[in-house]
Every structure is written in C-alpha cells, then in structure tokens.
Amino acid sequence: MKTWMRILAGATALVIGAGAVAPVAAQQPNTQFIGITGYRVGPYGANGAAFFGGFIDYLNLVNERDGGVNGVKLSWEECETEYNNAKGVECYERLKTRAGTGPTAIHPMSTGITYALMEKAPTDKIPLITFGYGRTDATDGRVFPWVFPLMSNYWDAATGIVKFIGDKEGGDAKLKGKKIALLYHDSAYGKEPIPVLEAEATKLGFELKTIPVPHPGNEQQSQWLQIRQYKPDWVILWGWGVMTATALQTAQKTGYPREKMVGNWWAGSEIDTVAAGPAATGYYAASLNLAGKSYPVTKDVESIVYKKANKGSKAELVGTVLWNRGVAAAMFTVEAVRTAQAKFGKKPLTGEQVRWGIENLDLNAAKLKSLGFDTMLPPLKLSCEDHGGSGQVRFQQWDGKEWKSASDWMKGDTVLVRKMIEESAAKYATEKGIKAGCLPG
Amino acid sequence: MTATAHPATDATAPLLAINNIEVIYDHVILVLKGVSLAVPEGKIVALLGANGAGKTTTLKAISNLLASERGDVTKGGIEYRGERIDRLNPSELVKRGVVQVMEGRHCFQHLTIEENLMTGAFTRSASRAEIRQDLEKVYTYFPRLKVRRTSQSGYTSGGEQQMTAIGRALMAKPRMILLDEPSMGLAPQVVEEIFEIVRDLNGREGVSFLLAEQNTMVALRYADYGYILENGRVVMEGAAEQLRSNEDVKEFYLGLSSAGRKSFRDAKHYRRRKRWLA
Amino acid sequence: MLYREAGQFRTSYAADQQLLPIRQDRILMAVLLAVAFVGVPLFASDYWLTALLTPFLVFALAALGLNILTGYAGQLSLGTAAFMAVGAFAAYNFQLRVPGMPILGSFVLGGLTAAVVGVAFGLPSLRIKGFYLAVATLAAQFFIPWLLVKVPWFTNNSSSGVITSQPIVILGYVFDTPGSKYLLVLAIVALMALAAKNLVRSRIGRAWMAVRDMDVAAEVIGIRIMRTKLIAFAVSSFYCGVAGALYAYAYLGSVEPDGFNLDLSFRILFMIIIGGVGSILGSFLGAAFITLLPIFLDVLLVDGALALGLNLPSGATSMVQLVVFGALIIFFLIVEPHGLARLWQIGKEKLRLWPFPY
Amino acid sequence: MSARDPEPGRRIGDTLLQVQHISLAFGGVKALTDISFDVREHEIRAIIGPNGAGKSSMLNCINGVYSPQQGEIRFSGSTFRKMDPHKAATMGIARTFQNIALFKGMSVLDNIMTGRNLKMRSNLLAQALYIGPNRQEELAHREKVEQIIDFLQIESVRKTPVGRLPYGVQKRVELGRALAAEPRLLLLDEPMAGMNIEEKQDMCRFILDVNDEFGTTIVLIEHDMGVVMDISDRVVVLDYGKKIGDGTPAEVRANQAVIDAYLGVSH
Amino acid sequence: MQFFFEVLIGGLLAGVMYSLVALGFVLIYKASGVFNFAQGAMVFFAALTFVGVQEKTGLPFWAVLPITLAVMVLLGILTERIVLRPLVNQPQITLFMATIGLAFFIEGLAQLIWGTEVRRLDLGIQDEPIAVMMDNFDMMVSSFDVTAAVVAGVLVAVLAVFFNKTRIGRALRAVADDHQAALAVGIPLKQIWAIVWSVAGFVALVAGLLWGARNGVQFALTFVALKALPVLILGGFESILGAIVGGLIIGAAEKLAEVYLGPMVGGGIEGWFAYMLALLFLLVRPEGLFGERRIDRV
C-alpha cells in the first residue's frame, strides 16, 4: 500500500516533469491566434470571469456569424494567471510559443502583469492592449509604441469624475471650498489618481482628503468613521474587488449618502453593487462602456453564440458592465486585425502587423453603429501620439437593480492629463534611454 | 517449565490469549517476532524484559493502539474470552472490559483529576448516579486522589498521576487492565504503594492484570506468572516464584548472582570487536 | 546494485566528510551540472528558460533560504516574500543611487539588507515559538510591502509603485537574453546552494539543528540560542533577499511591492514541505514541483479537455486546477510527509539493494 | 562496598562546587528550600529523593536553566547568584537530562559534535566556503569525537539519526555529547532510568571510567539505590525540596529521616 | 470624545466579527492540535453553499440553514476522514500544510459548484445606524454589528457549556490533551474529531453568514481568516475566551490606530497594525492572553 503510493507519487512527479516538456499546441493552423492571459479564480475571479467571458463570446460571434475576419478564423487560448504577476509572465511566455504568429495582442487585465510585460513586448513585438488600466503615461505612443491603454486612462477617469461632480454641483466654479474625499485601495492602482486629483484640487479650489484602505478592504469601519468626521461633500471611490462593496455597505452603516459617492470604472460593476445589496442604490460610477443588453451586438451574441452555437460562456453575465467591456475589448482587437489586414493582406497576421492595426484604429460613431455597439462606446481614433484614442468617460448610476446611464460621454481636463502624461513619459524615456518617436508603419 | 504451571492449560480458557503475533512498524521494522502468551481470569501476569524488547508493543497490540503509530499486527491472533479482538478499535475493546494504562501515565494535563477519572467512563452508558458511585469507589482505593480531585493533573506528582491513570482505567469497569511500566520514574516507596493497590484490585475486584515492567524484582513479587521478552520473542516463562529462583533471571534481570548481588562497581567491560560501518 | 557502494572505502575522516562521499553521487552531480550549464542553454527554448527554469532557480533559492530557517533552525516563517521584497527593492536602490555599483554588488547588498531586516523580525523568535512565531512573521509580511508602497523613495517616486530593474551588466557583458539570464541565475544559485550545504554541515548548521530539536539542551552545551536563531534569520533572509533581487532582475524585470504577497510566501513554504524540510536537495525538488505543477495541470486540463472534445469553460478548468493542486498537496503530505527528498533517498536505498528486495 | 578507593582523600580534591542556601519557587510553589551542599573535585556525588523532591530542579539551578530566587552558587572560585546555561558551559559544566534531550533529527556523530561547539572558532564565511581553517577544524574535532565514540562503543551507529536508536544507546549518546565538551563537572540526571541490569552495569562502568580517566567530577541523580550506594562517594537526600540527609552512602542508609521519607522499609 | 467612543464601539463590534472567525481556529486547534488554515475557506464555502442553495431552491432562511449545516458537517467529517486521519502523529507543520492544501481544494470546489459570481446574502438585518444612539448621543452604532455581537455571544456561551459541562465536551478536551491516552480509555478519536470538525463547520457557517451579509458572498471572504490570525495570537490558540477578548482588543486598537495614528503615516496601517500589536504583546506574554503557559520541564 505504502510502497505503491510512493511509486504513484514518484510517477506523478515524473509525469509532471514530462508533461511540461511538451505543451500541446491548442491552436489550429491558418487562424488569427489571440492569446488570452485571463483569470477566473482568486479574489478577482468574478471580475475576470465576466470580462473574459464577454471577450471570448465576441470572438465566437465573429467566427460563427462572419466566419472570422475577412475569412480568417479566430483561434485563442486562455491561460489562467490568477491575477499573479509571475504566472502572468509564464502565461505570456507560453502563449508566445503558440502558432506562427504568437498571441497577436495581449490583454493582461492586470496592471501588475502589464508592468511585468512592458519591456518584453517590444522585444517580442507583441502589442499590449490595456483597456482602462495599466500604465497611464503609456498613452504617449512615442515612448511606448507597443502599449495601448485604449480609450481612457486613470487620469482621464479622475478628471472626468471631478468634472461630473462639478456638473452635479452646478459648474466647476461651485467646487471651490467643497470637500472631496478619495477612498482608495492602498496599492499602486489606488494611488494612480492622487497626483492628478491634487492638481485639480489646486486648480479648482476644492479640498482633497485621501484615505487609503488596506488590501483586501473587507473592513472599513475606521475609514468611514474618518469620513463621517470629515463630512466631505463627495467621496470618490477608487476600489477593486471586495473593497467596493464593503465601502458601500459601510457608507450605509455610517449614514453617508450613496448619491454622493462616485466610483471609477473598476469599482462600478454589478459585482460590486450586487454584493452590497440595497446599500448600493444611488451610487455613481464612471464607466468605459454602458451596461445593458439592448445593443445589436449583444443580441447577436445571445442568438448566435448562445442559442445557435451553444458556445456561450455564461448567460447571466450577458449585458453586465464587465461583460460588455470584455466584448468591447475583443472588438477592438478584431477591428485592429481588420485594419491591419487592409494593409498586410487577409491572412493570419503577426503581432507587429496587428500593432500597426491598433495604432491606426478609427472607430467613428458610424463604424461603431455598424458593428452593433451603438452608444455602448464613444468614438475612438488612435494615433502614434495618442494610444488612448478617446479620453471619454460616461457615468452610470445603480438603481438597485441595474446600472443606468447618468450622463453623456464626457471628457475631463484633457489638457492637464495630456501634459502630465507627456512629462511622465519623457521622464521614463530619459531613464530608460528611449528615443521617443513613432514606429514606421 | 512444568506443564501444570502453564496457565493456558488450565481447564477453562484463559481470559486473554495471544497466539504467535508478529508486529511490524512502518512496514519495515519487525518488532514482535511471534509472541504467544495467556492471562487467566483473575491473575496478575508480568511481562518482563529490557527496553526495546517489545513489552509496550505487545500491550499496544492487544489494546489496538498500534495503528496510530504506524504499527501493524501482521500475523497471529489475539483472543479475549474466546473472541478475536485484533481488529476491534480501542473503544470497542474498552467496552468489552480491556483497558490499557499507558507507559508514562498520559494523564490529561489540563483536566482536573476528577475530570480525568470521568473520561474513563466515556464508553459506558451508565447513569450519573452509578458513575458517581464508581468514582467514590476509585477514591476509596486512592484516597490521595480525593484530596486533590480539583487539581489540574498536570500539576500533580508522578505517583498521583500514576494513580489517576489507574483510577481512570477503573472507571471503565474493566475486567482486564494492561498496565505499562507503572514503576517508571517513581520513588521506591511510591512503587510499592502502587503495586499494593494493584494487588488489592486484583483480589477484591477480580480484575486481571497484564503488566509490563522493567523492575523485575518488584513485578515478580506481585505477579502470579511471568513472561520474559527479549528482542521480540518470549524467551522464558513460568510462575513468578519459579522465575524468581531461576539462576539466569537472577543474574540478568535481578542483578543477583549466587554469591549475592554484584556491585555495580565491579561490573566489567568486555571490549567488543570494533565494527566497520560507515 | 546500480548504486552499490561496496568497495568504496573511506579511510580518513577527511574522505568521510566530503560533500558527496559516494562515487555514484559525484558522477550524478557532475552530469547534472554539465546538463544545467551546457545542455540546457543549448537546447532549451526561450519559453523554458524564461518561464520555467529561471523562476524555478529563483524559487529554489528562496526555498533554500526558508529551509535554512524553518528546516534547519526550526523557526517557521510566513514572511518569506517580504524578505524577497526587501532584497529586490534594496538591490534596485543600490543600483540606482550608488554610481558605478556593480550589479552583483547590488545583489549582495540587497541580500544583506534583507538579512538586517530579517534579524529585526527574528528578534521575537527569542521569546515566541511555533505557530505564534509563524503568525508573528506575518507582521513582516504585511508591514514591509506597506512600507514600500508608502515611502515613495523606495520606488524612486514611481507613481504606480512598480520598479523596473536596471539592465544586468557584468564586466561590460549585458545579460539580456533568456539564456544568459538563466546562466547567471544558475551560477549564483549553484554557488549559494553549495555554501548552504557547507553551512549546514559545519558548526553553525549543527547549532541550528540543535536549537531546532531541543533548545534547552542546546543551551546547556553552550550554544547561544539567541545568536544562533538570529544568524539563521540573517542567513535565511540573505538567501531570500538575493532570490528577491534575482526575481526582479533576472525573472520579471519589474516588480511591485504587492507582488510579494502572502501567496508567494505560502508558495515557497509549500516548496520546502513538498520538497523536504531540512534538506538542501528538497528545496530544489520542491521548487521544481510547485513551479511546474500548476503549469502542467493547466496544460493537461486545457489540452486534455480539447482532446476529449469537452467544451470545458475555461473558468471550470481554473477551478479544477485549484482543486487538483490542493488535493495533490494533501496527497503528497499523506504519502510522504518528509517530502520528495525522502522519496529520492528511499529510491537510492532501493537501488543500492536492487535487484534484491532486502 | 561503599567507599570507592582505599584512600579517597588522595583522589578527591578541594571543593569545586558549592551550593549555598538555594531556594527556588515556581509561581508560589516551592521546589527547593534553602539547599546547601558541596561537591569536591573528582568526586561522584549522588542526589537522591522521591519524585518531585526537587532533584532535577537542583541540577537546573546549578547549570543555570532555572534561576533560584535565593542563594548562590560557587563554582571553581567564582560566585554566582544566577548562572546562565551558556556561561555554565564555558566554565566546564556539562549535563545530561532525565528524559533524553538529544537532537532527534541529527546523527550520533553530529549530536556529539555539537558538544564541541564551544571549542570551535571558524566564522560564518569560512564555514560557508568550507575551506582551509574550517575544514581543518572540523576534521580535528571529528578526531576527538571519534575517540568518545570509541570509548562509548557506539561506532556502528555513528551515522544513524539518534531518533532511531534504542533507548539505552540514546542515553549513551547523550553522555557522549556531554563528554565532548571535556567538562570539569558532569551533571547526570537519572542516567540509568529505564535500563535493565546489564545496561546499568555498562553505564556505571562508563561513569566510573570518566571519573577515573578524565578526573571529571560527577553529580548524579539516580533512583536505583544499588547504583547510588555502589558508585557514589557522597549522597545528598532531598525530600519535598528540603535536604534531609547528606553523607557517605553508609551514613545515608542509616539515616532514619531518609529511611522514613524515601527508602521505605521493604527495600 | 463622542467621536472617540464611536470609534471605540465600532472597533469593539468589528472585533467581535473577527472573533467569530477566530473561534473556528481555536476549536480545531484545541481538540486536535491542527492549525486549520482552511478555516477561511470553510467560511467562504459555508456562505457560498447557503446562498447557492437558497438561489437554487428558493427555500426560506430557516429551511436552508439546516441543509447548509448538514453540508458543513459532511465537509468536516470528510476532512477528518480523508485529510487528517492519515496524518495522525505527523508534526504540526505538516498538518498545517495539509490544511493549506485543503483551503485550495475547498476554494476551488466551492467555486466549481457555485460559480465565481459575487452574491448577495440577505439576513434581513439592516445595516444602518441605530436611531436611538444617533438621536440621543449622535453616535453611530451599527444595528448589524450589534446583532452580530449578540450572535457571537450566544455562540460562545453555547460552546463554553458544551465544552465544560458535557460528556462529549470533556472527551474533546481529553483528546486535545493527549489523544493516545484518550484512545486508551476508549474515547473514539475518529468520532470526536469528526465532531470537532463539524462544530468548526458550524462556527464557520455562522461566521460565513454574518460576514457574507456584510460584504457579499465572494472569494474575498476567505481573507477574513487573515483578520482572525492576530486575534488568535493575542488571545492564545487554545482559549475560546481568548478569541473573544483578543477580538475585542484587536478590533478596538486597530480602529483607534487607523483613525488617530493612520493619518500621521499615510494611513492604511490596518493591514499590519493588528499583527504588530500582537507581536509586541507576545514579547511580554509569549503564550498569549489566555494561552496555557508552557512549563519547560527538563
């Protein structure tokens, strides 16, 4: 008994050794391969499941409905990162070996992993698409040619939120003398908006108090008592994971009105509000995309991917904020491929070619409409200088059941943000000895 | 040994009979290499031998405490009142009246003496009053325990702990107690006291004892019959008085030679051959 | 009989005290080193080098550090990742702020800084033991990353808290390919493993084990408990610190304080438990197992599901992975609580007798 | 049978250890009350008494594991209120324990090598590199340790982890570890507990040889009266933390207080 | 001053929530010497199962509770049977590691069965400031936290009676002291351990329900174990009373520190403050507040 168990254990070890030698390639030939470094377990597993669920649902849609991009079928492989940097790198390296083309474009969906891959990507010629996260100053594509913080970055979000609060108060001028508290996840991610908010505070004359919440943020009594004592007019919530729901619950507990709380786009999904229950009602959050199922693309996914092909990831997720965001992220990738195909031909493309496609992406309102996205996203046009392409945010409010749009697409202080981005990027370029400039297309 | 002295040949079957058992630890270490012995009802049987001879293992094989130490009875059988008990779990065994008092007492340190005694009655479904009565009975045997009933056993002396351990076993209303090294680490006077109680219990309650003991001298004074174990085998057995008068036992286990006890001062070293082993 | 030692006499204590007294072991080690230094860089793919072998070596080094503390000196620590963080950030700052600092110097200084911090957090071990100490080391685990995030100086005012390692240049040669980074890490790890082996078979190693096994007795024969434990903390943290620096420089390239979290500490603890507590070899085996197992499971599950034509949602595979990982750990602990190193030893014993069963 | 040498006066020297008015309590429970006695150079001194009499506590006070609340200890000319174990070791006091306190995870050789710890000098770096002086040192001490291994006749188990050894051999290894420190004063706490006659005889021989050959002074706790009476020069008797007798074995055996408290009538 | 008390009371009440989780650790540690790192995972599993069953069946609270309890008892028994029994007599660290493995297993299993979505757990207790306190003293005291504290109090009382006054309780304590001896007197170890794990499962369920109602049922529930660890060090691994008092102290000290000390050093100190506090405390009393002082007998 003992002996055979030992043998079995030894055999397990051996097999594991051997198994890693020959990872079987999962992709089919002559397809556009997309590597996905995703996460569906761990503290942010719920977020990942929604985002990557949408992402893959859209890829399936393109294959099922259109037969791929101009006839080139899409293939993909998802590698679980557990939101862990080291595992993210391993996944990246693994996906890199796949297909002739490599992973085409990577969505790390984690700022940490983005940073870990930042210097690998140029060497490997694989673009990183960081949709609403990652390194803010990478928006300057002259210094970061391989990184695309698509649409809007954290500083856009922060200034956008200030703008939104200003609007609610009746104009930016009314912000003078107001008190705003920033309740943030005490991590690199949470600290991102501080410099730009401080700059805004000086400029617009409001008072800013920053209150960190230590990870994971499932206990916020003391922070909210501080808020209760400080009595701010608005609370900006820069949360992630369980922290957001706890903040909303604790706000209720300490009697702070949720209508005076604005979250950023990682603190504004159903995951956050459902967990908080009734405490979330009235809470605002910035968003990169609208929630809802009424868009033609969503309907297509439901009817084609879910009903017809039965390849859907999870029906309950359809139309949620993060699912829609995943769909949008996939669409950006697909459209980048399409754009690049126009230049390089209708065949599986390399990461380098797709990079060009992303940089020359132009999704105007008409294009978005034709793709079935309507108002879910703002128009987007990238260039070498601007790897964001939009800088807009839109606000949604939780009505107790679902997210409802609460504003138009709007921009914050783009001048300030651009200035800070360029400064920061220039500093990075000096540090690293990078000669800023556009890559030849 | 004469046939009449062998307890197994008594007209009635022995209370406990062990037939040629083999015990292996960890699947490799053979500790008992075929041990057979018998305990007749109402007798005190001593299991003697040096450290590591297999005394404790024998007792644990009977009480089935081996499993938790990665030991296993691989051959032979153990019978209690004619029933095979080698696959019973300890709790079943206690219910049938076989209780072991382990070497080194093993009191529950954080429980009071009285709580310790009460745990002994765990397997019984007796009424509260009945248990209370038994508790009083234990106190009559061990008046010292009554005085210290509320003390945490961890803070009591070795002798008191040994008494607690025996008393705890008594609470299970045993017919047979497996007593492992009751004299270990106790002062001579206390050892005598404990053995007197053992004799008392045997006489008055009719409890049979199988006691493993290194202190051959004392053990043979109180036992009816004895087995000597060496290296996992029974090498000698016989009625206590026979063993006591056996020359070899005298020399090797009692430290007596025919010319009286040999002084430790005069013990000689026989230098052994140097061994080559890395 | 493959592993027969008969006929190999050791006639002096010097011969008996060599690192590998048995000839077969020496041959095996030579082959292993040759493969690691020559064969692997020649034949392994970039994926192997970057994603498997380099992290394996880095983790093995950290596991070695933890094993010195936990396996040899008997002080259970859950703060390994924090000491790695100290090493990484200290190396970064030395490299950044001291002009002309050689990179290896930074690694050593990073290790030394971690050693100092390790000693500071080791001080409570003089009073507290076992799980109390283990939980106390969590204080380090939570405090150090907090401090690194909180004080911008440590991260050179990086708004995100992420530091990007400087290029590794030694004597003008730039280590920027996966192969060269692997070789650098391999050389460092091999040297430090040798040093660890020497330490544990010298006076200090015996003192550690003595304190681990029976501290009162150790004190009575004249071992200074306090010093011995603190040296263990220092040496262990030094190893973890260097491992942290290599983690940042040779493996990930950029790190953030939050990356050195409790998960990482646990991961390394797993390595020594699975590999073998109190065994140098075990640190390596454990690191290999823990690094490769999830990847293997991942590949196996994904490809296995594909091969079987199952449409396993990728979420499910991740869960299954977690379940299997947990189950395997338990399985291993039950089958061989002394770890892979013991399995290896048993295997050797068997080979020694082979083909005879006894 | 009682005195060891025809002329003990010539063998036994001056006072080496003097225990003066030692009192020790654990949270109010008195373990030792005003104990005084002395141990002379080259002597074998036994401490006897019932369980819980404070014998082990006495040893623990002598080598500093416990610190007595009152009294002092004089050892080879210096006086201590509180000895610490490390200092005791450097001054040449070695010790074995009632319940074997070997380092279970280590081999016999390594266990005994730890006894040489105080005599080794190499620094950490030298040890890590294992070159030159450290290597020489390790080998030199190995030589010494092998002598002890020879003396105790445990050559065949030198590489065996002590946890796997039989009890009697473990006791021997523990003696070896204490001897490796080349002590002036050796404290033995029940070195023969749980041994059979043969093993006890062996152990007695070792103790006597150590005493004879190395001139080591020995303080010994033992329950076996036969052993105590045979090999010790003088005996201290403790009962409930108090000293109730002190003298040669013959004197102690005749002491009525000792008989009442400990020896009992039937022995 | 009013604010100080508000923080203090809030802290004490939060501390009770920590104690709830710490209790599960104490129970298992006491009875089997296992430092059960999977307690957090068990809390998560309990809450998730509860919500999952509720979702699937639509049954009311009082019907789902026994079902979940049954699942937890089953989990406890299986854990004992499959994980711990084969590991009897192994060093504590091995058992500890096994429970980490168990934690992974349970976390994976829970999500495999019920999915990763974040769910709401509604106990029908509104988490709002108690009006009386608010109106009369301008003090914010959460109704939810007070309820939780009452539940915790009842739980502790029940456990105390169970341990000290019942035959099984005595057997549990006996097993905790010396399982070999317990076996020898006929206490069926396996059943006892199964009972312990079941009780721990029950405590995990209570903690899971309260924490789940507080933060939503999601993976992060496993993190509440990290909040319980300093409570354990402070209170002692073996003391139920210690878990409660430790929780109160940690809760109060942590909140006061974050509010009054935090701003001076940039805040966010709660993550480690409790650990540091426990560490400093240990330097004074190494056995914890109510832990058994170990007497080293040599």
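Order of writing sets the chain letters: A, B, C, D and E. Residues in each chain are counted from 1.
One rule holds for everything that comes next: a contact is a pair of C-beta atoms (placed from the backbone, for glycine too) under 8 Å apart; a residue touches a chain by one contact, two chains touch by 3 or more.
Predicted model only: the values in this text are computed from it and were never measured.
Of all chains, the one whose Cα centroid sits at the greatest distance from that of chain D is A. Relative to the C-alpha centre of chain B, the farthest chain centre belongs to A. Contact tally for B-E versus C-E: the pair with more C-beta pairs in contact is C-E. Centre-to-centre spacing of chain C and chain D amounts to 41 Å, using the average Cα coordinate of each chain.
Computed from the mean C-alpha positions, the centre of chain D lies at a distance of 48 Å from the centre of chain E.
Averaged C-alpha coordinates put the centre of chain A at 35 Å from the centre of chain E.
Residue positions of chain C touching 2 or more other chains: 146, 216-217, 315, 319, 321-322, 328. Residues of chain B in contact with two or more other chains: 278.
Contacts with at least two other chains are made by residues 65, 97-98, 101 of chain D.
Touching chain E in their complex are the following residues of chain B: 63, 65, 68-70, 89-91, 93-95, 99-102, 106-111, 115-116, 118-120, 122-123, 165, 168-169, 172. Every residue of chain E that touches chain A in the complex is listed here, in rising order: 3, 6-7, 10-11, 14, 17, 107-108, 111, 115-120, 122, 127-129, 134, 140, 142, 144-145, 211, 214-221, 223-224, 227, 254-256, 258-259, 262-263, 266-272. Those residues of chain E whose C-beta lies close enough to touch chain B in the complex are 88-89, 167, 170-171, 173-174, 176-189, 292. Taken in their complex, chain D has these residues touching chain B: 1, 4, 29, 49-53, 98, 150, 153, 155-156, 158-159, 166-168, 190, 193-202, 204-205, 208-209, 223, 225-227, 230-231, 262-264, 266-267. In the complex of the two chains, the chain E residues touching chain C come out as 35, 82-83, 86-87, 90-94, 96-98, 100-109, 111-112, 115-116, 226, 229-230, 232-233, 237, 265-266, 268-269, 271-272, 275-276, 278-279, 282-283, 286-288, 296, 298.
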